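See below for the structure under consideration.
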C-alpha cells in the first residue's frame, strides 16, 4: 500500500522552485521519446539530448515528448529551460506527493494526475505520478517509470486510427488523460471484487476479515484523495474557454468528465459498502459470541443443579433417610432427569435452540 | 442484485467513440418501431431497415423511433449516421454502466436514464439502461430489452387520450421520462415493504436479519446512485431555455422534477431507516445476550454455594461433629435453603427477574 | 405512525393531470365554506354548488373558499374549471403524498403544506395534506378532513380582531400558513416530552426503550421530510417580489420564516438527542451486562476453589493423613476461609465492588 | 439545563403581534435605566415612566435605554408606541424561545441574542434572552433579569474610558454585543474543564460518566443552537452598508465576528471531543468486561479439571485400585498440580496475564 | 497537548483594543531584529529601541522587522504607534488563542498563523502564535519565542540565494508563510508515523491503544482547527487583486495554497484513518473476548458433565448396583471418556478450535 502522505518535495526552508526528487529512487535510465505528427506524417524518435527536442517547439506539426522517469534532475532542468517552463512546474513534476491539479501559465497548461497499477503479487496498489504540459503545438508527458498506459495512444497515432492525427495537441492531451482514467476502471473493478469476497464474511467471519476491511478502507481513502481533485481539473478544462483548448475537443473532455464522475461515485459507493461490511462483520462476531454463550449456559445450567443433587447424596451425615431407601438411587436419578427436563423445556420455550 | 460498478464500455485504450456493447449479451432480435403522429394522424410501423426511418426526419409530424435492444451495433451505427448522431452518444447508448445525464448537442438533446424492474422470483432489482434522443421533430428511444414501461404512452398516443397528440416531440420526451419516474414509485414501495418487515426485527432477531439489512442498504446505495443524477438532468431541462423545449412543456417538467425529488427523498429516508434498523438489531442481540447471561448467572450463583456446602459435608474427616448430629442432614438442607433464599432476594432486589 | 412513502397519485402510466384521490377514502360529505370580507363587511356562507363560488371571483372584496375534504373529484374539477386552475394543480391537491412546495402560475400561487395532529389514544402523529391557492382577490384552501386549525383565523375575521380585515388575500394566506406553523410547535413539544421521558433510560434501561427510540427517530425523519421543504417555500414568498404579495405582508412572512426555522432547528436538535439517547441506552445495557458478569465472576471464583478443597477431602484414598487429624475438619474450614479472604481482597483491590 | 425547545410565544391561533410573555414569570420590578451621553456629557437616570424616555428620542446625544425584566407587558407596549416599534418586534422581545436574528426595519435594527450564566450550585447553564434596538441616536436593550453583563460598558461610559463616548449609537450596540460574546468564552472554558475531567474516564470508568457525557452533548447542542445564528447576524452587520452603522464601527464588528467564529469553532471541537470521549468510555467498559472475563475463565478453567479429578477419587466404587495405593493421595495431588501447571502455561502463552 | 480553547485575550468587559498578553508568560528578553535589503544591499541589526525601527519605514529598500517574544506590551505599543497599527491588530498579536485570519487595513495586511513544534521528550505538539504585518515596503513578524523556523529565509536573504532579494515585501511575506507551511509537513509526518504504529493494534491490542487513538484524534482536531482557516487566507491573497501583492508573487501564493490543501487533505485522511483504527481496535477487543469465552466454554462444558458423573458415583446410597460391579470403575471412566469425545466432536463441528 502506498503511504498516506508524502513529504513535500523539499527540505523545509529550501527556496520554492528548488528541484529535489522525492519519489523512490529509480535506477533505470530516463528515456525520452519524441513523436512528431500531423494528418499525413508520423515520426517517432528516441532522444539522447534535450536540445534536440527544442527544435520541434515551433513546427506546425504536433509534437509529443514523453519522459519515462523523473529522477534525472539535470535532464529535467534542461528541458525546462528550452521550453521556458516555470521552476514551480518543474518542482511539481518531481514532487510525487503532489495532488492532481491544473495550473494555467498562459503559454501552457500544467496538469498533474495519478495513475495506479495493481501489483498482483503483493496485492497492492502502486501509484504513479504523471504530469502533462500542454503547449501551443506540443505535449510533454512525465511518467515515474516506463509504463504501458500510453501505449494504446501511441498505437492509434502510428496506425492513424480514429481521428487522433487530425486533431491538435489538446486532443492528444485529452487522449492521454482518457487513457489514465480508463485505467481507473480496472482498479475499481479489483476493489469491487474484493468487496464481493468480503461479503461472504457473514457466513465465515474469519479473524483477518477486519484487517482486510481496514485495508480496503485505507485504499479507498487513498484512491479518493488521489482521484477526486481531477474532477475539478477536467471540469475547468471543459468549461473555461482557454485558447489552448479548441471547441471540438471540449465535447470529448465532457465525456471524460463523465467517466471520471463515474469512478468517483464508485469510490463513494465502495466506501459506504465498506462501512456496511464492517457492521456485517461486527454483528456476525456478536452472533457467534451469543451462540457460544448459549451453549455454555445450556450445559452449565442443566448440570449444575444435577451435580448439586449428587453432592447432597454424597454427604456423609449419619442420618440421611433417602440413602437407606431401597430405590433411593433410582429416586435420585429420576429426580435428576426431572430437573434436566424442566430446564430443557424452559430453554426450548425461550427458543435458545 | 445488480453489480455495483460496471466497467466502462471499452477495453482501456480504445479510441473514444468506439462502439462496444457491454451489457449482458441479449439474443432476441432488435425491434425498431416507428410511430408517426400529429393531432389528426397516427401511424405505427415496425421497421426492418434503418434507412426507412430517416425519411421521417424532416416531416412536420412528430416521429418516435423506439429501439428494443441495443446489442446490434451495426444497426445502431446506421441509425447514428442517418440522423447524424455524434459517435460519443452512440458509445453511451451502448454503455450500460453510464450514469444518468443530459448532453446538449445543439441539434438534439441526449438523455440517459435508468429503469428498474423487480424480479419477483429472485427478489432482485433488475436495472435497465434507457437512452433518449430529442431532435427537432423526432424522439429516438433505446431500451435494453423489450419492456412494457412505454406502453401506456403508446396507448395514449394511439387513442389520442389527453393532450399528448397536440404537443410536440419535447412533450413526448417528457411523457417517456414521466413513465420511467412513475415506475420508480413502484420500486420504492417494494423497498418500503421490506423495511416494514424488517421492523419486526426487535421481537425476532433472527440471524439472517443482518444480511437482509446489508442487502437493503446495498440496494438503496445502488438506487440512489442510479436516480440521483437524474435530478440535475430534469432541473436543467426545466430551467434552461433550450429551443428544443417549448415553454408549455416546462410546467410538466417542473411537475416531473417534483416527483423525482419525492423519490430521492424517499431513498434518503430509507437509508436513515436502515441505519436505525441496524441499531435496533444490534441492541436486540445485546439484549438477548444479556438475558442469556442473567439466566446463567442466576442458576450458577445459586447452586455453586449450595454445592459447596454439600461438598463440605461430603468430606471424609474423622471428626466432623455435624455429621453425627441427629438432625444434621436437616440442618444442612435448611442451611442450603437459607443461602438460596438470600441469593434469590439479592437478585430480586437487583431486578434481574 | 404515517407511512414513510406514499405512492404517487396515479397508476403508473396515466397521463399527467389525471385526477385520482390517493388519501384514505373519507366518507363524510365535502363541505365548502365561503367567507367574503373587506374592512367593513363580513359574510360567511356554506355552498352547495361550485358555480356559486365563481361569482365571488371578480369582486373587490377578499373571498376565502375553504373545502373540507378532497375526496369528491367532480366537485374539485368543477372548482378548477370555474377558477381556471391548471390540471397539474388539481392533481397535486389530491396527491396526499406530495411534499410541500410552491408553484407560481402567474395568475395564482399554489402552495402545498403538511399539518399534523397528535392522536392521544394511539400515541400517533396523524398527517394532513393542505393546499392553498392564492389568487388576485381570493384564497382557496383544501383540507383532507374537517379540522379546527383554521378556526382561530375564522374568528379573527368574524370579530374583526387585529389587522386581518384591513389586509388583502396575501395576508389571509399568511394567516392560514401561520396557523399551520403554530401547530408544529405543539407537535414538537410532544416530541420534546418523549425525549425527556427517554432520558430516564439510563437508570431504567427497560427492554422497550430501544423500540421507542427507533419510533422517535422514525417520527423525526418523517417530520423533517414533511416540514423542511416549507422553509424554501416561505423564503421565496418573502424575498421574491411577486405582484400577488404586497410589501406590507412580507414582514409577516419574514416572521413566519423565523418561526419555521425554529421548528426545523428543533427537529435537528431532537435528531441529535435521539442519537445521544441511543448511545446512552447501549452503554447502559453494557454496564448492566458488566455488573451481571461481575457478580457471576465473584461468586464463581470464590466458591470454585473452596469446592475443590472440599472435593479433595472427599476423596476416598486409604491413606490421607489430614483426615485422621484431630482438628483436620477445622483446619480444612480455616483453609477455605483463608482462600476466600484472599480472593475477596483481590477483588476489592480491583475495585469490583 | 434549559429545555431544548420552548413553545412559541403565543397560544396557537392568536394573531401575530399579540404580546404574551413566555419566559419564567419573574416577580421583581422592571427597572428602566436611561443613560444619555456624548463626548462631553454623561447622565444616568432611573425612569419611572416610559413617557420620559421618549423625550430623548430626537436629541443629538446618544441615549441608551436599558430595561431589566420583560414581564411587564404594558410597560413594553408603551415603550413600543413612543418609539414606533413594530408589534412583531415587541412579540419577539417577549418570546424567550426566539433564536438570534437581526431584522431591519429601516428606521431601526432589531437584534436578538442569547446570554448564558453558569449556575455554580446546580452546575447548570442558565440562558437569558437579550434584545437590542438600534435607532438613529438611541439604543434600547432588554434583559430578562437584572444582570451584570452590561456593567463594564456602563463603567466605560461613565469614566469615559477608551473611545466609547466619542462614537455613536452603533458603537454602543457593538460594545453591548461584544460584552455578551466575551461572556461566551467564560462558558466555553467551563465546558473545556468538564471535558478535561471526563478525559480521566479511561482510567476510572465510573458508571455516571456516560450520563455526564450525555449531559455535555446536550449542553453543546443547546449552545450551538443558541450561538450559531449570531454568526450570520454579525456578518451581515459588518458587510451590509446600512446607514445606521458607520464605517468606523465596521472594523470592530469584524473583530467581533472573529471572536464569535472562535466560540463556534470551539463548540464544534467540543462536540467532536464528546464523541471521542464516548468511544473512550465504551472501549474502557469493554476492556473491563474483558478483564473480568479473563479472571473468571482462568480460575474456572484451572479448578474445574482439578475438581473433576477430586470427584473421580471421591467415587464409591468397590474396586478402585488407586485408592489402595500407598501414595495414592500424593499421586492425586501431584496429578492435580501437573494439570494446573499445564493450564497456567497455556494461559501464559496466550498472554492472558 | 495544547489546550483545546484559550480564553480570549481580555477579561470579559474590557474595551476592545486593550492589550493583555494571554500566552504562557515567557521570561526571556524580547529580541527585535531588523533586516534591511534590496537586490544589492543586505543589512541585519539587532534593535534596542522601537524608535530606531521607524526610520526604515519609508525607505525604498525592503525592511523585515522580526520580534521574538510578544510578552512586553509596552514595546508592542510603541511599535504599533510608530507604524500606525490599529489597536485591534495589536490585541490580536497578543491573543494567542486567535485563529488564522487576514485582515485588510488598506495600508497594510495583517495575517495570523499557527506554527507547531514537536516536543520529542513529552511527545507533544507545541503550538506557536505567529503574526505578520505586510506594509508597503516592510514586513513585521511576531513570534512567541525565539524560533528557528524563519532561519532558512534569513539565510537566503543573506546569501542572496534564489530570487528573494529581487522581489518585494510581498514575496518576503510569502517566503515566511511558506516556511511555516513547510513545517506543517514535518508535523504531519510525525502523525503519519503514529498511525502506522497504531495499525499494529490488531495483532497486539494493548490497553493503552484506545488512549493513544483518543490522543491522536484530539491532536488532529486541534491541527485542523489551527490550519484550516489559513486556506481561506491564502486563497484570498492569491485571488484578490490587492495593491500590496504584486502579480508575480501571486503564482507563488497559488503554489503555497496547493501545499496547504495537501496538508489539509492529509489531516482529513488521518481523521478517517483514526476512525478506522478505532473500529479495528474495538473489533480486536471483541475477538479477544470471543476467544476467551470459547476456551472457558470448551473447558467448562466438557468437565461439567464429567464431574456430574463422578458426583453420581460419589453418592452414598446403600443400593447402587454399579458400585459393586467388578469393572464399575472402568465403566465409569469409559463413560466419561465417551462423553468428553462426543462434546469435543460437537465443538470441532462448530469450528470452535
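Letters are used for the chains, namely A, B, C, D and E, taken in the order the chains are written, and counting of residues starts over at 1 for each.
The definition used in the following text is that a residue touches a chain if its C-beta (ideal position, glycine included) is under 8 Å from a C-beta of that chain, and two chains touch if they have at least 3 such contacts.
Because the structure is a prediction, the values reported are computed rather than measured.
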**Request:** Kindly list the shared contact partners of subunit A and subunit B, in label order.
**Result:** none
**Asked** Same or different for subunit C and subunit D, when you check if over half of the residue numbers at their contact belong to both copies?
**Response** different
**Complete:** Cα centroid separation, subunit B vs subunit E, in Å, comes to 42
**Message:** Could you work out how far the Cα centre of subunit B sits from that of subunit D, in whole Å?
**Reply:** 42
**Message:** Based only on mean CA positions, could you tell me how far subunit C sits from subunit D in angstrom?
**Reply:** 26
**Request:** Mind pulling the residue numbers of subunit C that touch at least two other chains?
**Result:** 282, 286, 289, 293, 296, 300, 304, 307, 311, 314-316, 320
**Asked** Across the complex, what residues on subunit C touch subunit B?
**Response** 3-5, 7-8, 10, 12-18, 86, 88, 92, 97-99, 101, 103, 207, 210-211, 213-214, 217-218, 221-222, 225, 278, 281-282, 285-286, 288-289, 292-293, 295-296, 299-300, 303-304, 306-307, 310-311, 313-316, 320, 322-329, 332-333, 336
**Message:** Per the contact definition, I'd like the list of subunit E residues that touch subunit A in the complex.
**Reply:** 151-153, 156, 161-164, 175, 178-179, 182-183, 185-186, 188-189, 192, 195, 199, 202, 251-252, 254-255, 258-259, 261-262, 265-266, 269-270, 272-273, 276-277, 279-280, 282-284, 286-287, 289-290, 293-294, 296-297, 300-301, 304-305, 307-308, 311-312, 314-321, 352
